[in-house]
Amino acid sequence: MSNTIGTLFRLTTFGESHGAAIGGVIDGMPAGVKVDMEFIQSELNRRRPGQSKLTTQRNEADKIEILSGVFEGVTTGTPIGFIVKNENQRPMDYTEMSDKLRPSHADFTYQCKYGVRDYRGGGRSSARITISRVVAGAFAKLALKEVGVEIQAFTSQIGNIKLTGDYKDYNLKNSENNAVRCPDDKTAEEMERLIAQMKEEGDSVGGVVSAVVRGCPAGLGEPEFGKIHAALAAAMMSINAAKGFEYGDGFDAAWRKGSEVNDSFYSDNGTIRTRSNHSGGIQGGITNGDDIYFKVAFKPVATIMKEQETVDSKGNSTTIKAKGRHDPCVVPRAVPIVESMAAMVIFDLLMINKSRK
Amino acid sequence: MSNTIGTLFRLTTFGESHGAAIGGVIDGMPAGVKVDMEFIQSELNRRRPGQSKLTTQRNEADKIEILSGVFEGVTTGTPIGFIVKNENQRPMDYTEMSDKLRPSHADFTYQCKYGVRDYRGGGRSSARITISRVVAGAFAKLALKEVGVEIQAFTSQIGNIKLTGDYKDYNLKNSENNAVRCPDDKTAEEMERLIAQMKEEGDSVGGVVSAVVRGCPAGLGEPEFGKIHAALAAAMMSINAAKGFEYGDGFDAAWRKGSEVNDSFYSDNGTIRTRSNHSGGIQGGITNGDDIYFKVAFKPVATIMKEQETVDSKGNSTTIKAKGRHDPCVVPRAVPIVESMAAMVIFDLLMINKSRK
Amino acid sequence: MSNTIGTLFRLTTFGESHGAAIGGVIDGMPAGVKVDMEFIQSELNRRRPGQSKLTTQRNEADKIEILSGVFEGVTTGTPIGFIVKNENQRPMDYTEMSDKLRPSHADFTYQCKYGVRDYRGGGRSSARITISRVVAGAFAKLALKEVGVEIQAFTSQIGNIKLTGDYKDYNLKNSENNAVRCPDDKTAEEMERLIAQMKEEGDSVGGVVSAVVRGCPAGLGEPEFGKIHAALAAAMMSINAAKGFEYGDGFDAAWRKGSEVNDSFYSDNGTIRTRSNHSGGIQGGITNGDDIYFKVAFKPVATIMKEQETVDSKGNSTTIKAKGRHDPCVVPRAVPIVESMAAMVIFDLLMINKSRK
Amino acid sequence: MSNTIGTLFRLTTFGESHGAAIGGVIDGMPAGVKVDMEFIQSELNRRRPGQSKLTTQRNEADKIEILSGVFEGVTTGTPIGFIVKNENQRPMDYTEMSDKLRPSHADFTYQCKYGVRDYRGGGRSSARITISRVVAGAFAKLALKEVGVEIQAFTSQIGNIKLTGDYKDYNLKNSENNAVRCPDDKTAEEMERLIAQMKEEGDSVGGVVSAVVRGCPAGLGEPEFGKIHAALAAAMMSINAAKGFEYGDGFDAAWRKGSEVNDSFYSDNGTIRTRSNHSGGIQGGITNGDDIYFKVAFKPVATIMKEQETVDSKGNSTTIKAKGRHDPCVVPRAVPIVESMAAMVIFDLLMINKSRK
């Protein structure tokens, strides 16, 4: 709960947007796994701002420092402490924030909850804190790779631009070849245009990240409260700006008849398979070995360059208009975060399963 | 995890559809709360099958027995153990199940996970086990009532019949006056007709449950992994047949611009309020005091009276066609379960908040 | 915490001394383990009052009822709900308790904590609630047997009668052949005499339970807060009337020099062994494969048949003198409870270890 | 479990003796508490080596760096990440360790558990990692101070030199005035002499730390597995080199009769009090408002300057003799660690209690 996620593979995080450092502790990583530092840094780079002209210009190295749990290039089984320093703190940008409540940000609710708040760049509520998730996700991916589980997320919608096909219709690896992380180049271009337009207007736009997990063994998931899709939902909804989660047919299932969406079984030369995968690879909260696929909806970034009505901390009417560096759309940068959260959830459940063998 | 939910207000459940009893343990219920047994039983009755001609005819009393934690009519602060006996076991209906895998049920995945399974009526994967959630939810509601928090869920969609208005357009209390638990009588009638038609066809249909929480104080929710909507998502997605969760604008937020959905602040005679509530009463994972609203999508019941292709446990091709008592649509009965899960999540977060005062 | 113990093998308990039933939920028991009901009942019988003339005469069958998680004689991997009904409730014996605070019982502290209390027989603070521990311990023992781990506890001290030798000097199996569960017959006789004398005097006496775990694989225990001896300490100290815990040399280590107690390594034909076992089979919180041994001190039962000064709930001076059925010494009946707690702790850690393979 | 302790006030730690840094994350610290950095550093200084000629000469500043959760001098309610850098790493001292197993250290068990180990200075099993406990304990003390709870530990035994009186016979504050942290100056001198002698002999010696908690409100502690003394036992036994724990009469209770040790109640002008405190301020696992007192036994440091028989990692016979900087007795430095663990446990239980008001 709070700042820890996981049962056996556990991440505990700390850090504020403009504090000394963002960081975390990974507890439960098995010993003896080769640590590919280049891969971990490359995952952080996927999340990093300033990757393209579409994202915020806060250009920090986001360099990972491992403080413990890795010795002579392999994990030791002890907790992996890590930090990423906040280099580019620029506190001057945020003086206005110390007094005005930013609409649809967490300023007001943090103030209500804690009575005090670190107003610099949103403090703990900043999306910058997802850095720790990407680090832990990278470790989970390293462990999952050894057992053949692959996770691929991609942008399937930005505003009113939406991928029309199924995930099987695209080469998902192509997502990393464009700035919006959409597997279809033509759609990607339209998305980029929309984001550029939002930037020009000083506005922002929401979107959807889709994800597919391939090679996941059957049997993962803990009924009844630890169903794999419940764990995925909690993990995804904990990402900044997430508004919805669905897996398999998702909300579309509500429109359908059982006879249309049941996945009938057949024998594929002795192996039991299903004719369709409306279930999204999960039945009764447990994986069946088929592809797991799900979607996460993100709202538009709350920070916009337009004047908005608001109040100051004393409740006096005023207006606010953001200055400085801000993303018109965070969805492309959410892609590695969605993957990271999925990796942590799945590896945790895999470990739980092994504990009973 | 697994069969326990909550941090301070915790429910641990047990039981199979056709075992001796369904039950659970509520740990963390504050002492000194008057236990209204009639209310608790009435909540169970809302979930019970056989309430109308639309639901399964398994007609059991589902009578609650409290075994501990309540003394002289009030809670004692010690764990509340409870059971509901499975009276109407009819094991004969389920012999076919012992060998054939029911499409889109959890037979196959339980077999993969555990190597053995209680095949009678789905065993642990049966929706009958939600009984324990309703009991614990009723206790949470009793505690929440004392602080003015009210939770109301209702059916907003059955198949292609959908409530078109906002939750504020309806008298939600009216939901309990019809068999489908829809606040709008006209829509309710259409929904009933659709379910009746499905029953006649031997088919099933999905739907959506919407919920509103009123009177929730500002400040609830634990960043960063314990955001209130992440906890709600996990709780809701753990309900049998749930396929999607969204709060506030939900998936619609993906289509929008920031300037359209930001909830601007204004001063209402000194009280800080928002002009709109696209956020669904939650910002940064913490409540702001406004109404919390969310939706849960449910797939159509997997059990249908039509012949379906499947395999037996040895992988041989065969067909299956359900007999006996089954709901063509579980959505109306999911309404009290959604409320119960919400009550548990909110009361747990309320207790966590009080611990820091 | 509270009424749940364990990470992967978890027991949650409920019940009061004179409520409807004592019970619990075991979550995490692996599937496919043959359930030897006779063994489980025999473990309960070892804990049961009325086994000999030395113990309380509350003579109940303490018959276990499994409500879930076991199907066709084997575990299914789903939670095992169980109850033991309180048959012999005799509420009349306890009317005095409703008003007077019993010295060194938990009447006063429960009243302080909860504001209300079930005063019948101590309610939740009664040693009767250890029934649930013995049931879960029996399941853990069944699982541990399959991997060759054996746990044996015995009475090593009653009042001033103390076993002088090391555990290796005795045939520990012999403990079950006398009423006090001491492996040495002569010492057992002296202990029995002392307890009989206490009974005659209307007084009570304390003692020590020692335990040995053989066959435990090396590598169990989770640094840094989950050290195996820390987990054992918590488990043992949670038993009613426990006052102290030590393992290996224990408090005697405080008197010693490093050169006297270090366990030096040698090569036994290629296998690394230690010359001595002052460490009690544990170094740095992790097992080394050698015997684990530890001791648990129990205070004398607080209930005595002598008149004692006390106050009533309003704070008025009065006296109290117990009537009815009470043990002059609970130590022999604590033996199976100590074993049960050890079994749960060790099996839990074994499962955690397997999760990383 | 593992590297996290606590339910609402939680500490997660990381770090190895000779890695980049030792650190941790405190989650659950209430917002708005003034952070007295001088006090926190002074607590670390009490634990620090090199305080006197009796302790190891590893002379590091052990300077605390707070990375998050504190803003403008007060806690913000968000997780407090902190590190203490390992300045004085001197890896050359430890080359022998990479191959030889040190008797009664955790080299062998870490190797068994993880297959790899950071052999520099004991890695994760080094007592240096207790730094993180002292930091978190200091925060807990700051919070406890506001409610009047005071915790004082002291050295009550070093080898065969033992305080003979009760804790009430001494001015415990005096403990900080001598190098061994014993409240009685004369006994302190004898202890110092014994440690000096051990140093000369190249040997080490064990001891006992006693602790008293004053001002703890009645009602803390969570039956049935979260009894306060069970939580204290787990916390204390998790400290490096701890071998035993007892509270109240402890192991002495085993020798006694109920009539001798029951704490009878009387009315002190309307306030209910007990005539004695054999219970150590705890009954049924819940505090009664009286002083809590307990003892923790520590074995002699395993590192000695004498030649000892051992094996290398291949199992070949060899000998080992420590060189470099080592404490002949860690007991005085364990005093602040015992206090820190007690502070964390008590504050956590206090928060849990408040959650139910």
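The chains carry the letters A, B, C and D, assigned in the order they are written, with residues numbered from 1 in each.
The criterion applied here is as follows: contacts are C-beta pairs under 8 Å (C-beta built on N, C-alpha and C of every residue); 3 or more make two chains touch, one makes a residue touch a chain.
Source: prediction; values computed, not measured.
Peer 1: Where centres are the averaged C-alpha coordinates, which chain has the largest centre distance to chain B?
Peer 2: D
Peer 1: Of the pairs C-D, B-D or A-C, which one shares over half of its contact pairs with A-B?
Peer 2: C-D
Peer 1: With contacts counted as defined, which of the two, C-D or B-C, has more C-beta pairs across the interface?
Peer 2: Greater number of contacting C-beta pairs: C-D.
Peer 1: Measuring from the mean C-alpha position of chain B to the mean C-alpha position of chain D, what distance in angstrom results?
Peer 2: 46
Peer 1: Could you grab the centroid distance between chain B and chain C? Build each centroid from C-alpha atoms only and quote it in angstrom.
Peer 2: Chain B and chain C have C-alpha centres separated by 39 Å.
Peer 1: Using mean CA coordinates as chain centres, what's the chain C-chain D distance in Å?
Peer 2: Centre separation, chain C to chain D: 26 Å.
Peer 1: What parts of chain C, by residue number, touch at least two of the other chains?
Peer 2: 2-4, 7, 13, 28, 31, 77-78, 113, 124, 223, 352
Peer 1: So in the complex, which bits of chain D are touching chain A?
Peer 2: Interface residues on chain D, with respect to chain A: 2-4, 10, 12-16, 19-25, 27-28, 31-32, 65-69, 71-72, 74, 76-81, 83, 113-118, 123-124.
Peer 1: So in the complex, the part of chain C that touches chain A is made up of which residues?
Peer 2: Chain C residues touching chain A: 7-8, 28, 30-31, 77-78, 223, 351-352, 354-357.
Peer 1: If we count contacts the way the header does, which residues on chain B are in touch with chain A in the complex?
Peer 2: Result: residues 1-5, 7, 13, 101, 103-106, 108-110, 112-113, 124-125, 129, 157, 159-160, 198, 203-208, 218-227, 229-231, 233-238, 240, 242-251, 253-267, 270-272, 274-275, 278-279, 282-289, 297-304, 306, 308-311, 315-317, 352-353 of chain B touch chain A.
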